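Sharing a structure here in structure tokens format.
As written, the chains take the letters A, B, C, D, E and F, and residue 1 is the first residue of each chain.
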Amino acid sequence: MSVQEAPSRETLESLLNPSTATLTSVLTEYGLYNTFMQDVAPLAPGSRVAGPAFTLRYIPGREDITHVPVDNLTDMQRIGIESIKQGEVLVIDARGDTRAGVMGDILATRIQQRGGVGIVSDGAFRDTPAIVETGLAAYARAMNAHNSKSIHYPSDIQRPIACGGVAVFPGDIVVGDAEGVVVIPRHLAEEVAARAVAQEDREAFILQKIQQGHSIIGVYPPDENTLAEYEAWKAKQV
Amino acid sequence: MSVQEAPSRETLESLLNPSTATLTSVLTEYGLYNTFMQDVAPLAPGSRVAGPAFTLRYIPGREDITHVPVDNLTDMQRIGIESIKQGEVLVIDARGDTRAGVMGDILATRIQQRGGVGIVSDGAFRDTPAIVETGLAAYARAMNAHNSKSIHYPSDIQRPIACGGVAVFPGDIVVGDAEGVVVIPRHLAEEVAARAVAQEDREAFILQKIQQGHSIIGVYPPDENTLAEYEAWKAKQV
Amino acid sequence: MSVQEAPSRETLESLLNPSTATLTSVLTEYGLYNTFMQDVAPLAPGSRVAGPAFTLRYIPGREDITHVPVDNLTDMQRIGIESIKQGEVLVIDARGDTRAGVMGDILATRIQQRGGVGIVSDGAFRDTPAIVETGLAAYARAMNAHNSKSIHYPSDIQRPIACGGVAVFPGDIVVGDAEGVVVIPRHLAEEVAARAVAQEDREAFILQKIQQGHSIIGVYPPDENTLAEYEAWKAKQV
Amino acid sequence: MSVQEAPSRETLESLLNPSTATLTSVLTEYGLYNTFMQDVAPLAPGSRVAGPAFTLRYIPGREDITHVPVDNLTDMQRIGIESIKQGEVLVIDARGDTRAGVMGDILATRIQQRGGVGIVSDGAFRDTPAIVETGLAAYARAMNAHNSKSIHYPSDIQRPIACGGVAVFPGDIVVGDAEGVVVIPRHLAEEVAARAVAQEDREAFILQKIQQGHSIIGVYPPDENTLAEYEAWKAKQV
Amino acid sequence: MSVQEAPSRETLESLLNPSTATLTSVLTEYGLYNTFMQDVAPLAPGSRVAGPAFTLRYIPGREDITHVPVDNLTDMQRIGIESIKQGEVLVIDARGDTRAGVMGDILATRIQQRGGVGIVSDGAFRDTPAIVETGLAAYARAMNAHNSKSIHYPSDIQRPIACGGVAVFPGDIVVGDAEGVVVIPRHLAEEVAARAVAQEDREAFILQKIQQGHSIIGVYPPDENTLAEYEAWKAKQV
Amino acid sequence: MSVQEAPSRETLESLLNPSTATLTSVLTEYGLYNTFMQDVAPLAPGSRVAGPAFTLRYIPGREDITHVPVDNLTDMQRIGIESIKQGEVLVIDARGDTRAGVMGDILATRIQQRGGVGIVSDGAFRDTPAIVETGLAAYARAMNAHNSKSIHYPSDIQRPIACGGVAVFPGDIVVGDAEGVVVIPRHLAEEVAARAVAQEDREAFILQKIQQGHSIIGVYPPDENTLAEYEAWKAKQV
């Protein structure tokens, strides 16, 4: 399976504004109901990221291969990190197992140096206070000081993985905000970005009406009158 | 089952001061040992709320009834929200299932506009950053961007429910602080409020003694001497 | 089993600087891969503590012995608290059961008054907002307002316990930072402290190189050249 | 909500033959992917049942209302049991909480005497050895000797419920076999029964071919040739 | 804490007849609602046992003390096994951790040779097929072939423990049947045994009436008439 | 990664006799403490299997690729099944997710026809009654009638996987008995087989002594005298 080509910078930038809640809703319009990672939260408040997934998969460790010194030339975690490209998000399948960290601050800093924009896992990170200080967007299920080799063995890079109960194919677009992480299938990225902008716009109008004291009846979801009002309001925004 | 009549504003206000730890302790004096919700935490620090419960119950979704556009006139979630009265707290039984949000920011804002003072669920909320900004007291088990209709179907309003492992009858008094949420059976609200004020008072005195270096022996729990001291101290406070 | 003698003040102080991630790594050099507590997090940001463990063990409550007034002279929780010595950390085995708090603010304050420097449990604390205000380092799995006697019975002090899936012997050294809690077997404390300082030093140098844009190849783990560079750099630091 | 009318005896009987695996597959043809109860297993091997659901819902107990003698005239569990009709299956929503049994052998026997054909819960049963002896089809998540009143309070009968993560509306058709329990929406019962018979037939033919050593290619799923062969085979079966 | 004296052989024998469901019910008459072990099931059908608890407690293993050859003279598991007395039931607190077996067939056989009548744990057993063949009553949460030393360290014998969420004091009476295991506080054993026999008797009469087609109204719970009928029936039984 | 070459028939046959408990113990002699699958149990009593692993990996489903008709030529599950060789055991990584079956009876039968000797998964099987009837050794975490495509997408064959918390490389030797499943790294298979036979032999002798009433002291673990006795006994067995 070849890795999917990255979307344009414009598409990725436009995905930084809508909330993951909006993006998740737009994806249901394509019949996709399982795109937001379960139990994967930002390490730091105010996190925001959008980029193509670079995937790394861990299987359970086995002492004869994991309790040995790391060899950067054969270890798939290390090879993966030195392969990450500008703008990518590293997504690590840790099987939801938080009994050890999947990565610490030195490797996170290396990813940042290579231009990586985020790290996401359904496992735990270690050195989390230091990772938070780097400013790299980081999402995980927990914090755990144990080294990954206590529990995990890195078996693959750039294969389809599971993370937080969601399928992630290499090159799928990963978007994170303060609520968590949504995965957008690569082939839908442009369309979803466009629809999300429109939906955010419409919901801003609806929210304004609710804040003014309107009932949700006729407003949310909007009926024809509200949609007409919205079109008028939108025309005035420009 | 008719909904229980709300306590006076004074009772509700007096329930805003004692901690949920104090209220939970007072309830054990009535033989009630299961009144604090498990795994239900405030979305924002400093949350504080007290009000009668307005209950909403979700069952698992079924695609033929949940993957369709919402109809405000028949959807029990929407009917419930438009029925909430001044001072009430919406409590949503989500079966502890956090695979989708039970509510987002637009509906939370509508509740706030109607005078609702809090939203509580053993599921997840979505649009949580925006919900936090509204200032409405919000308690949940998690954050999840998925729309409720991915997983949940709203089946009932104002029926007895489970939330965080605790029974909640419509009209029971829900009190939340930075630690979480306690449910006070309606018929005990006035008595519990009175006892809680007294207990907080007594514990403030005890804490002061402990801070002065006293052993807990004779002080916590207080023996006759300490109680006498407390009475004297209390008389001076006025 | 006699309680192990405490390390020197210097050793304890030197354990306050390295991260729990570093300490956990050093312990793997002794073949110990299970020393960091699972699902035990600081109640407040910035927590930091190092001290010998004073252990307390809870078993499930039984109404005839737990739903009765506390007697400070026979209750092992109370006896334990009045036995804690200067510099110790109270570690409570709550079997991971968070359905009630294991301790509230009055007892936490008493521990602080006695010179205790931290409280750690794989259960929940109650009165957590007030505990946070005391400034005592506190680590737990959750917050729960219920009194310990709803669920727990204190059966032993100063016996070996489990906490967060880790063995804790009385006198073992407990170190906590913003990531969580590591347990260092007493007999390794001095050696681990020394090695940790050295490892932190070396990793500071490595991190600097990574921040300057170096690949991890040859740097992390360091090859001979990098180690030589490090020795030179270190010589200059003094 | 009025309870849905029961299907004909013929429909119910025809639902006793296909496996729950077949029925679940047929339901996906209607877009329904969540119809089989999670973690709900037969108490005894060889269990088989099909009938309309009579629903009973439990919420968490509260000592003032559950630790009191049962009153058959007001207790919803008891009222429910004395309301069950010939051919119905009692389905109990226990919130997946197995800390107490939801029912014992005396009540199970009463249900059997009234003509009930099965009892299903996502909680536990008690007196399970005696329930198994009655021969009544029984499905649950666990066995637990505690009386329901330790943990549960029966709040409703004949309302929509959750059981094993599946929505159950009163009158929906519950079918159980040795694998577990599927819930068929009432309005689909006749169609699903017809399709299931056809699918079982087709799969019997396919299985026979596989047993004869055919590859799955062209056979499972069947291509045009295999379907033609099947039609010929089927014509001969009569 | 001295171990409690064993009840008479008659008391223990009379506890072999009533079901654990009956015993659990009788214990609620003493206000005890948490006496049946959660998730602890018989390894083999038809298991039945009653005897005083001999307790053994495991804490998490630590490689330096658990990955070494067993020394029968210092290992508390081995010391415990060689201390068990005729008629006792070994109860092992494994913290609900099933990642390794707590005991295998050779040690189980030794217990049987010493006159032990049962082994109970909230962990797993290993060599379970061979344990089942010994005929010793065995109750556990799972089967797991790993040796206990992979995960567990035996820290104490004859101390109060937790098992399946229930408090077990050395000498408490452990009763197991096909449903699971109930723990009877030692000081209640004689009374509970007597009441249980009476309750089983009464329920046998009630069940008979229900089997004859009577409604539960007036019968279960029995009203005065039914109780009178029961007394007459009972008089005739002798 | 090329798949490892299968051991000889003799080695595989000799692995059918020792229990998984013995094999797991032998593996600890190589420092391997995590080789037995957690929560993976035989579907039928008396199961026994040993063979090289053929691995299949599932990731979470996504409706656009899983809710479509199966294409045998591109679906990795189907390609995998038609690639299994004589004597192999299919091991499916289902991430421990039991919300759908990973395989039903028709595919299991096809595996059996191709000479496959077992199917193992940490997910659920569907059509389990029919699978049991085929006589194929089957191990899983649960039974679930839902089709795999409700929840899973087959992403890879013959890659390293996780199953029941254990690493499985293609060609590793999978051995199952009535207790569960152990995974033997391919390169240790011959040595482990030999040691296991010897250990079973020695333990048979030890068990005999324990059955004769000997204490474990000096016998288990055996001291020099017991070992000498064993050698003498063994010499006589031939």
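Here are a few things to note about the model shown:
The rule is short, and it goes like this: a residue touches a chain if its C-beta (ideal position, glycine included) is under 8 Å from a C-beta of that chain, and two chains touch if they have at least 3 such contacts.
Keep in mind it's a predicted model, so treat the numbers as computed, not measured.
With steps allowed only between chains in touch, the distance from chain B over to chain F comes to 2.
Distances between chain centres, each the mean of the C-alpha atoms, put E farthest from chain A.
Fitting chain B to chain C on CA positions gives a rotation angle of 120°, reported to the nearest 5. The pairing of chain A with chain C is characterised as different-residue: of all residue numbers used at this interface, under half are used by both copies.
Between B-C and the choices C-E, A-C or A-F, the pair with more than half the same contact pairs by residue number is A-C.
Chain centres were defined as the mean of their Cα atoms; on that basis the chain farthest from chain C turns out to be D. Chain D and chain F have CA centres that are 32 Å apart.
The geometric centre of chain B is 36 Å away from that of chain D, both derived from CA atoms. Look at where the CA atoms of chain A average out and do the same for chain D: the two points lie 39 Å apart. Among all residues of chain E, those that touch two or more other chains are 33-35, 67, 165.
Chain contacts in this assembly follow no simple pattern; the graph is neither a line, a ring, a star nor complete. Interface note: chains touch in the pairs A-B, A-C, A-F, B-C, B-D, C-E, D-E, D-F, E-F.
Across the complex, chain F is touched by residues 30-35, 59-64, 67, 95-97, 153, 155-156, 159-162, 165-168, 185 of chain A.
Of all the residues in chain F, the ones that touch chain D in their complex are 67, 69-70, 72-73, 78, 81-82, 98-99, 101, 104-107, 109-110, 113, 126-130, 142-147, 149-150.
Considering their complex, residues 19-21, 23-25, 28, 33-36, 38-39, 41, 165, 177-180, 182, 203, 206-207, 210-211, 213, 215-218, 220-221 of chain A touch chain B.
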